[in-house]
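The two complexes that follow have subunit A in common; it is paired with subunit B in the first and with subunit C in the second.
Right, the complex of A and B next:
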């Protein structure tokens, strides 16, 4: 088991933050090192072969779609059994959901890059600017995950390091609103975790949280608040301010 | 068609949802609603056993004929008509009952009522069963389900 948890190059003592080329993203601040190592194993483990002999066909299909009902049932069981009964408060539950989404984000970036590569252009672009990567998430990643684009992308007026991606009707919470005693809970913390993992893997370290901001007709309108770490903004400033 | 009232009964005959889409009706006490639901459940069970013909698989609305609960070999009580009101019952294959109480009407209304019950069953499947905060067989308290039920019943009123 230890050889699994410490794949080949990881005899170097693990640092708590940053990006290690052998292990990937080390920490997003929420996860312990072991979590990240598990996440790394999950991210690199081969996916389940749905049709034996055609292992790659599912991963490379342009629009692989699954049933929303099936997904929601699984997601609900996750909330209830895995988290709801074992979490002392809402913040802990959201943190757990976030940690669950994190490895998916790392995979999502790889998967989308693999899918969008073509024989003519086998190497896909790596994003270097904050706005570029956010727009990429807003359109392409959202389309891959949810078959639609996000509804809005905004920059915070108060804080230079905060951006917001807004989804009017998040598919995972399309059918349910938390009861009054869990008013602050937004289960899209899971999606926030996906974004966080994706941005971390793309060298934009940040923390992402999901907040419910309802408007008329959209009771579960969700704002994903992306707060970049200082190093990202400094890098952006050094490279691109002329 | 004027819809007076909608009841949803769980498979044990407990009332898990009750609403009156038509304003201005006298309300019963909470206990009386429960008694009413329990009685209806019993009558339905008896009705499903006293059918003069041999028991056939429940074809229901979907005609699946499988996964039939023990007490629904026949469709049991499907409708009840009196001078003051008409009542339509729809039982799902899992034993859940949707009961619609309307103003007395014609044969065409029975078909319309079936449609309404089907739409409410759809809403139940979406907005109650896919709600992680709802526990099975307990009273339904889901805002989004309430809204959808109002929508469905308003369309036909």
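Right, the complex of A and C next:
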């Protein structure tokens, strides 16, 4: 009866619930009857299943693919052109593209490892060694992002802290043709940002840059140069050298 | 039986906390920590972070089991591939239930993370996340 008399605006909105970092554990301590109602709503609301085979799986298609032309259109117009107009030179633009990719990398790592868990083997793995995580990027992350593996994974001969992942035909810039005065620009700085975010999240702090190194037949061949910070190599040496 | 759960971001910043009690044996889910213990809980869990940073490089599993104890309280830890740590302070050993609890929280966390409006290391203030974690607590602990 009271709910009929009270206009709906006078109810305390349920959005005041949840964890409040300023208050701490007192903000979400008890399970109340409203919580139980919310739990019922939450349990019955449709949600996306992350891994195939878990609950009602919308992600049953193992490789959810989107059209390359649509992706390239969005990438060129929204990302490159928009940031291009706001950047004074190539270095600034590449930095901006890198920053756009960074948070995607963090999310891609967590999502991929959750997805790759199966009911038979619910535990996924973390990465403790440099080579393991690079192999994982080379095969699994590349397959997730571009539906193919990267073409090569190399270690620099001159510097111990540098590794290279090589893609002969990077899909994102397949149809991108920067104007002549910007032929130094490599829009795969965006992908480099994804790699950097991913490696940083896995505690392999590094900086990643994309360079165009054309060879015969592959004019857009891109080398992602991964330069690990000293702490990563020291950890590797101390933990695994024996 | 009382539990204290904390999710710690990559900068050692708490992104979610929850204090709750057991739902088994007719308990209603309220925690029975005394006031002193309530204040100590965050300190105990943060002290365990050092141990995690050592242990996490010795194994490549996500669930690190009970890694520390404090006067009869055990601390279980779970590290996601993106190095967000889930810590649980509990009183009795219960490895399998806690493993399932952590794995399901990991799923919930990834769902939060996939939101374009959520940045890594932000506090998780979503009420529906809160309720779902409590539902999991009721289911497993």
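Definition applied: the second predicted complex is superposed on the first by the 178 of 242 C-alpha atoms of A that agree within 3 Å, B and C clash if a C-alpha of one lies under 4 Å from a C-alpha of the other, contacts with A are read in each partner's own complex, and residues count from 1 in each chain.
The criterion applied here is as follows: contacts are C-beta pairs under 8 Å (C-beta built on N, C-alpha and C of every residue); 3 or more make two chains touch, one makes a residue touch a chain.
What you see is a predicted model; the values in this text were computed from it and never measured.
After overlaying the two complexes on the shared chain, residue contacts for A:79 are found with subunit B alone; subunit C is out of touch. When the two structures are aligned on the shared chain, A:219 is found in touch with subunit B, with no touch to subunit C. When both complexes are overlaid on chain A, the residue A:111 reaches subunit C alone and has no touch with subunit B. By the touch criterion defined above, A:156 reaches neither subunit B nor subunit C.
In the superposition on chain A, A:231 makes contact with neither subunit B nor subunit C.
Look at A:103: by the touch rule set out above, it reaches subunit C but stays clear of subunit B. Subunit A has more of its residues touched by C than by the other of subunit B and subunit C.
Shared-chain residue A:187: touches subunit B; no touch with subunit C. Note: no residue of subunit A belongs to the subunit B contact set and to the subunit C contact set alike, using the contact criterion stated above. Subunit A contributes residues 14-15, 17-21, 24-25, 28-31, 35, 38-39, 42-43, 47-48, 50, 54, 103, 106-107, 109-111, 113-114, 122-128, 132, 201-203, 235, 239 to its touches with subunit C in the complex. Interface residues of subunit A, counted against subunit B in their complex, comprise 69, 72-73, 75-77, 79-80, 84, 175-179, 182, 187, 219. Of all residues in subunit B, those touching subunit A in their complex are 126-127, 130-134, 141-144.
The residues of subunit C lying in touch with subunit A in their complex are 4, 10, 14-20, 28-31, 38, 41-42, 56-63, 79-83, 103, 106-107, 109-111, 113-114, 119-120, 123-132, 134-135, 138.
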